[in-house]
Structure formats: structure tokens, C-alpha cells
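Alright, structures below, take your time with them.
Below are two complexes that have chain A in common, paired first with chain B and then with chain C.
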Partner chain A sequence: MSKYARLVYNSIAETLTYRTNLVVSFGVIAIPFIIAVIFWRGVFFANNSVANYSLKDIITYYFIVLFIQDFTYPALNYDIVMDIKSGRLNLLLIKPVNYFWYAFFLRLGSNIVYFSVVMFFLIIYALVFNQFLLLTPDKIPVFLLSFLLSYILGRLISFFFSIFVLFLENYMGLESFVNFIVPIFSGILLPVNLLPGLLYKISSYLPLRLLVSYPVEMYLGKENLNIGIIYSYFFWIVLFALIDIFVWREGLKKYRAVGG
Partner chain B sequence: MKRYLKIFRLQLVNQIVSYSIFKGDTILLLISDTFGLIFSVIFFKALYNNIHAIGAWNYESTLLLVGIANFVDSFYRFLFEKNVRRISALVRKGTLDYALIKPIDIQFYLSTGRFNFQTLSSLLLSILIILHAVKLLRLAINVFNVIVFIVLLMVGISLRYVFSLYSSIISFYTTRVSAFHSLQAEIFKYAEYPLDVFRGLTERIFFTLMFPIILIANAPAIAIIQNRNYLVILSIFISAVHFYLSRALLFASLNKYQSAGG
Partner chain C sequence: MDVVITVEHLQKVYKRQQRKSGLHSVIKDFFRRKYTEIKALKDINFTVREGEIVGYIGPNGAGKTTTLKILSGILYPSGGFVNVLGFTPWKRKGDFLKRITLIMGQKNQLWWDLPAMDSFLLFKEIYEVPDDIFKKQISTLLDMLDAGKLVNYPVRYLSMGERMKMEIVGALIHDPDIIFLDEPTIGLDVLSQTAIREFLSTYNKEFQKTVILTSHYMKDIEELSNRVIFIMNGEIIYDGAIDKLISKTLSYEYVEVTFDTSKGFVKKSYKVNKEEIPNFLRKLLSDNSSIVEIKHKKPDLEEVARIIMASNGIKKDE
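== the complex of A and B ==
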């Protein structure tokens, strides 16, 4: 087994250790979706459409967000943050592994557990709520391509936020900032098209919309994976790859390895 | 009662001193605590830009709901959250022994003492939103209205506390309960949704009796907007039932405590 495959295996085993907590965690994921169905059904009872979204569009939107957000959300990676804060990074730097790939595969392990369990729940929801879900099989290939690009971009942005802790004494401010801007501008809170004017304008200058909103809108047929969007994905992927390399190199110069 | 008030005052002073040591951190936490409330305002602003109303609820009345729901949540987090969430750690480590030997009501001891001052910013912002919504709605406020409103807010805080306590009580039976806390916190986040989105009878019963999120913000808002107080008695009754049930469960669960720790 290669060293990175071993990392994925260990991460899966660790995630599965606290099973009760794990199962209830998926309730935490499920509840917002069930309440979203109740809420939007209530909204559409009195309104025929919201912007250009129908009830099926909106429910399908949140259904897919539920599936992809764990993969593409650029949250601070606690494994990285704790490696830096505790000084454990010292040990990892002398090991024959690339730290970016180390963190990437560690995260992939928990993604796989999430994917396996969430798929089980999603199939149940799809059966229970099928009258609210929009099926567009012809859009699945563009959705998957867009999702793959979002995943890569999401990991790169997450790595950027996480290694930025090398410059900081405390990561809580950065974490609050990330958890404030990402749900609004990525489309987790609600489709970006529905944001009020100024927020919508700001979102068009950020890469966050590419992480959640674009893949879902492609599935819904509201966006096409045209050359402009593909360029946009590659532009941000290359930019964040370069930023990550720069921040990592400069951050290591600042890193004092004090731990504690 | 006088003794408990004195203990409460001492705990409060103690916590203010500890918060004042880390000023920078406290300011940062105060700012970040308002984010959830800002999310809600953005969400409903965006929604009502595209629709007229949800049943009988327009943007202004929904803003009142958002203010009330966040006030209740912030107040609960200010007074109780840190304490109640600590119970599972005390059980797991076996350090609940120290609490059990104290000459004080165990529920009071486990539920108070640690204040979450970072919620003061969202508490203040919630009050401002409530006042702004009341002004936008041009509501005629009288003393009776205000008393009913305050009673219903207290009912909401009590319900929020009780459900958090239920989650902590689970720690007597299983080791990790953080997900249970997250689950009930997630459900209570939807207290700001207008009553009219819950259309089915089953939904209304479930979210009034089992997870009474409807009672938290909708009951006070209906009392103040429509001058209809039919939810007052129901709210007080359900809150009292849950309170006594949680207390009984806590004492029954204490019998299971083995002080194992480790």
C-alpha cells in the first residue's frame, strides 16, 4: 500500500471510531434539508416562483448542495491548523511526504466516509421527496466535470486558509471570516442569483461561486459549462496553486515551531 | 433563593474579570457572534426581494421573528450553553463527583457559573432588530403586550435550555454527545421561520410539542403583532412539562453515574 493510500485508510478508520457521533452528525446534515423542504414548500404555496426558480429547482438545489458542500467547502483544515499550532508540523516536515498531498489525502479519507454515508441518506431522501426533485440526466456529465474542478479549487483555497495560520497567533478570527463569507458568496445560504444587488456584484469577483453555486446551477440547466467558465475555473486553480506555494514558503520562514 | 442569587452574582463577576484579561480575543469573538444573525437578515432580505409574503408574514414581521429567535438563542448561550455542554465532559472524566458533594442544587450548579460574553453583541443586535421591526410594523404597544412578550421570551429561553440539557443527559449513557448538541442547535436555528411555512397538522404538532421551535419566536411575535395570546398558556404549559421532564431525567440519570472517568 502506498504511503498516501495508507493515509486515506487511517483517516477512514479514525472517522469511523465514534460511530454514534458519526450517525448523529449525519442527522445534523439531514435536518437542514428536511426543514428546507418544509420551508420552501410553504414559500411556494403562496408564490408561484422565486426569481426564475420553481419549487423543484430550489429543493433540488439544496439537495445537491447537501451532497457537494463537504467536498468543496474551503474551510480551515483542522489537521493542518493543529499541526501548526502544536508544533507537530516539525515531525511531518522531516518525513518523506509532500505536506500538501499529506493533508489532501487525509481529508480525502473523511470525504470518502461522508460520501458513503451521505449517499445512503440521499437515496432515501430521493425516494421520499422524489416529487420535489428535478431529474436532468443529460446534465450529469457537465455537473460532474464542474464538481471535479470545484473540488480541486476548494482544496487549494482550503489549504491557503489553513496554512495562513503560519502567520497568525490565533486562527479564530480567520475561521470566523471564512465561515462568514463562504456560505454567502458560494451559494450555500441561497442561490447566488437571489442575493441582493451589491452582494451579487461582489460574488461575481470572487471564486467562491464556482465552488457550490455553479455546479448546482449546471445540473439545473441554469448555467452552461461554457469556455468562459472553464477559463474561470483554471484561472482560479492556477492562481491559488501559486499563492499556496508562495504562502507555504514564506509561512515556513515565519514558523517558530513553538507548539503548545 | 437569596443564597442562589448571591452565588450567581459572584459567578458573574468572576467571569467578567476573566474575559477582560483577553480583550483582543473578546472583541473578535463579539464581532463574529453577530454573523449568524446577519446571515438570517440577508437570507430573508434576498427572499422578500423576490416574493411578497409567506402567508400572513411580510418582510417586516419576519424581521421581528428573526430578532426574537436570535435574542432567545443569544440569551440561552449567554447564560447556559457553556455550562450545560460541560456536563458530558464531567461525566466522561469522572469529575462530576466534585459537583455532587457540593451543598447546592445539582441542576443549578451544572447549569450556571460560566457565562458566554461573546453573545452580548448578537443579543444587542437582536434587540435593535426587534425595535426596528416594531417601528416598521407601526405596532401599538401597551403594558400588557410587553408583559406577555417578555413572559413568552422567557418561555423560549427555558425551552432552549431544556433541549440542550436533554442532549447533555445522553452523556450518562453514551460517551460523545457533541453531535446531539449540534443536532438540537441546528433544529432550533429554524425558530425564525414564519409559522405559515409549517402547513401540515403533523408538522405543526411536531414543532410545537416535540421540538417546540414554533413557540420560541412565533408565539411572542403573534402576541405582539396580532394581539392574539392563545399561544401563551400553551407555551407556558409545554415549557413547564419539558422543564420538569428534563429535571426528572437528570436525577434519574445521576443514578447511572459510575464516576468511572479516565
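== the complex of A and C ==
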């Protein structure tokens, strides 16, 4: 077994250790989805469509978001943050392992558990309420390619936010910034196409919409994976890869390696 | 034996925020921060030969752990030259990292919720240890530490002493040439301390590994090393044999005398200037007929360290 396969195995084993914690935390996964469905059903009560989205589109949108957000959403990675703040990073730095890939595969383990649970929800939901989901199998290859690129970009941006903690005494401000800005411009809160004028314009200059909104809109057929978007993905992936390398190198020079 | 660690003019400077109390200072500080430079290491120079066990001691904040962190590649220095096994540590080349290890008494590298064996198997892959060598190394280490039964319990269920044994196994799986030990017995009970100490002593004798050890328990240092480097305020104030440090620092030794009295055997300890010990004994024997036993005892490293720390440096005791 390779070191990364072993890392994924350990991560899954650790995630499955605390059964009650796991059941409760996954039990609440669907709550934002349910709230969004209730809200949008209210909105659609008075309208047949909102900016080219039907109710079915919207419900499907939030369901796919639920499905992919754990992989592509660039939240602070608390494994990395705690490694840095607690000084646990010390014992990883002395190992011949690339920390980006270490953190990536560590996270992949919990991603896999999340994926399995959401898959379970998806099957149940599709069986019970399938009339509310838009099934577009022909869009799946484009969606998967976009999802893969979003996943890579999402991990790179998440790594950037997380290792930025190397420069900070306290990460709460960064955490608030990430938690406030990212949901708006990534499409977690609502499809980016529905953002009002100025916010929509800002979103077009940011890489965040590529992470959640784009893959889902491709599944819905609202966007096409044209060469311009692929260039855009590659531009941001290369840029954040370079930024990560730079921030990591400079950050380690500032690293205090707290604790004995 | 070859020199495996060379440290020349090593310096490490930290910036520390400075702030007075009071609302005015809080507001002023918000707009303009003031920092002071803390020189954690000022001008550190030493070499270590292959197979040596060196005790690296000093008070809290002296710079011991900072030195180990630089030698193991965790921290960048602010200046100076360091060479460990032919490598610059903070470049963290894979070939370098495979030949060193760092054991920190206050940090865990094992996965808390998993059996230690799961962590060992991960380290095996990280260090690319072949299956047969891994099995042999694990079995040797577990036998030496008498810890074979512990590998299948989640780490969080182990006692501190058991956990430290597992940490040591995990840190030595790749058979490193240099072992940096940062307070490996901190917080352990006497039995566990002894077990760890005995293991380290046997391991060094059997495999001739180079060890740099920091500890606040001077017994660790006395039992494991012959050479000690004493660091205070970021500077080395002594580098040499423990015996010489004791004789250099203290001019007295102890004479312990047991008297046979009407109340039974009574022990008394006298602190006597080294040069006056013959005269003291002569006088003692001529004045007392009830002496049963006389023992001559040198001060230990703990006493010496306490005096050096209290007087902020080595001064010949009078």
C-alpha cells in the first residue's frame, strides 16, 4: 500500500471512530438543503421561473451542491490549521512527505465517508421524491470533468487559506472572511447567475464560482464547458499552485514551531 | 569517529510584540505595533561525533528546543552554519529526513484514535521501509520496550508511559542515524522514566546511534551521556564532561557519616570543601568512636545545574 493509500485508510478509520458524533454530524448535512428547498418553494409559489431557473432546477442545484461541496468548497482545513497552531506540524516537517499531498489525502479520507453518506441520502431522495430532481445523464461527463477541475482548484485554494495561518497570530478573522465571502461567490448560497449586478460582476473576476456554481450549472445545462472556461480553470489552478508554493516557503520562515 | 553535526555561530532571533496595559496603549497598539527582538540563540558552536550521546541542558527558555528544531529542519535559523550528516537541515531533503528523527515528550505523532500499529504502517510507507526490515525493526523495538501488547489498542487508551513507548517505536521505525530527543521523560512516573532511560541506553550501546538529548531531569542526562552542553540565555556556557562540570562549578563534596548512638544508627551529611576532606576525616575519626560507616559523595548534576541556573552562569562556588 502506498503512503497516500495508507493515509486515506487511516483517515477513514479515524472518521469512523466516533459513531455518535458521525451519525449526528451527518444527520444535519441535509438541513441547509431542506431550508433552501422550503425557501425556494415559497419564492416559486408566486413565480413560475426565476431568471431562467425552474423550481426543479433549483432543487436539483442545491442537491448537487450538497453532493460536491465537501470536495470543492475551499473552507479552512482545520487539520492544517490545528497542525500549525498546536505545533503538531513540527513532527510532520521532519518526515519525507510533501505536506500538501499529506493534507490532501488526509482530507480525501473524510471526503470519501461524506460521499458515501450523501450517496445514501441521494438514493433515498431520488426514490421518494424523484419528480423533484432533474436527471440529465447526458450532462454527466461534462459535469464530472468540471467537478474534477473544481476539486483540484478547491483543494489548492483551501490549502492557501489554511497555510496563510502561518503568518497570523489568530486565524479567527481569516475564518470569518472565508466563511462570509466564499459561500456568496462560490454558489453555495444561491446560483451565482442569480447574484445582483455588482456582486455578479465581482464574481466573474474571482475563481470561486468555478468551484461550486459552474459544475452544477453544467449539470443543469445552464453553462457549457467551453475552451474559455477550461482555460480559466487552468489559469487559476496554475496561479494557486504557485501561490501555495510561495506562501508555504515564506510561511515556514515565519513559523514559530510552538511548544516543546 | 566522524563528526556528524557541526554548528557554527548559530543564531535565532524572534520578534515579540510589546504592549503596555491600558486603553491608550491598546488603541495605539492597534495602529502601530511595537516589537522587540528576542535572541533565542546568540552564537552557538559545537560539533557532535558519530555515536555520541550529548546532554543538552539549561533552564526554560534557554534555547534548547530551538536548537533541536533547527538541527532537525523544522526552523530556519537567523544566521550561522549548520551541517547535519552533510545536509543543511532546513532544506529538508528526503535523504536527510530519512536519517534523522525527533522525539518530543510533549507532542504526539501517533494517530490518537487509531491503534499505534496503524501509525507505524503509515510511517513505514512514508520512510519507504521494506516489509522484512519493518517487521524486524518493530519486533526489536517492541521487545526492548516490552510493549508488544500495546500496539493494537487505540493510542488514546494508553497511559502516558505506554504512549511514550509507542512514540519511540514510531520515531525509530526507519532506523535513523541521529536521534533528537526533546524531554522524552517529561510527565512520566519514575518507573516509566527508568524504562525509557534503560531503553535509550541499550539502544545506543547496541546500535551506536548519535543522540542529542534535552531534559529537565538531570538523572536522564547523567545516566545516558558523558558529555553535556549547558546553554543559558541562548549561549553555551559549558561543553564537556559531566564530572568536569561538577568539579569546575562546586568546590565542596559530601561526607555521609553513620553514628551508632543510644537511639540507634543516626546518619549525618557534611558539606566539606574538597581540599579539606582529609583533615575533616582525621578530626572526625579522632573525635568520635561511635562511627559505623563513612561515605564520600560527590554532588550530582542536578545540584550543579540548580546552582548554575540560580547564579545565572558558572561561578566557582566557595
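Keep in mind that, in the parts below, the second predicted complex is superposed on the first by the 258 of 260 C-alpha atoms of A that agree within 3 Å, B and C clash if a C-alpha of one lies under 4 Å from a C-alpha of the other, contacts with A are read in each partner's own complex, and residues count from 1 in each chain.
Assume a residue touches a chain if its C-beta (ideal position, glycine included) is under 8 Å from a C-beta of that chain, and two chains touch if they have at least 3 such contacts.
Bear in mind the structure is a predicted one, so any value in this text is a computation, not a measurement.
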Let's test your reading of the overlay: on chain A, do chain B and chain C clash or fit side by side?
fit
Give one of first, second, both or neither to describe whether A:Leu190 is in contact with chain B, with chain C, with both, or with none.
first
Regarding the shared-chain residue A:Arg88, is it in contact with chain B (first), chain C (second), both, or neither?
second
Let me test your reading of the model: by the given contact rule, A:Met172 touches which partner, first (chain B), second (chain C), both or neither?
first
Just chain B (first), just chain C (second), both, or neither: which does A:Tyr205 touch?
neither
For A:Phe180, decide between first (touching chain B), second (touching chain C), both and neither.
first
More chain A residues in contact - chain B or chain C:
B
Can you pull out the angle centred on chain A between the C-alpha centres of chain B and chain C, to the nearest 10°?
90
Considering the aligned complexes, could you tell me the closest Cα pair distance between chain B and chain C in angstrom?
8
Residue overlap on chain A between the chain B contact set and the chain C contact set?
18
Under the definition above, what is the set of chain A residues touching chain C in their complex?
1-3, 6-7, 9-10, 13-14, 17-18, 87-88, 90-97, 252-253, 255-257, 259-260
Which residues, counting only chain B, touch chain A once they are in their complex?
25, 28-29, 31-32, 35, 38-39, 42-43, 45-47, 49-55, 174-180, 182-183, 186-187, 190, 193-194, 196-199, 203
Interface with chain B, chain A side, in the complex: residues 18, 20-22, 24-25, 27-28, 31-32, 35, 38-39, 41-43, 45-47, 50-51, 170, 172-173, 176, 179-180, 183-184, 189-190, 194-196, 199
For the complex, which residues does chain C have touching chain A?
14, 65, 69, 72-76, 92, 94, 97-98, 100-102, 104-109, 111, 113-114, 118-119, 121-123, 125-127, 154, 182-183, 186
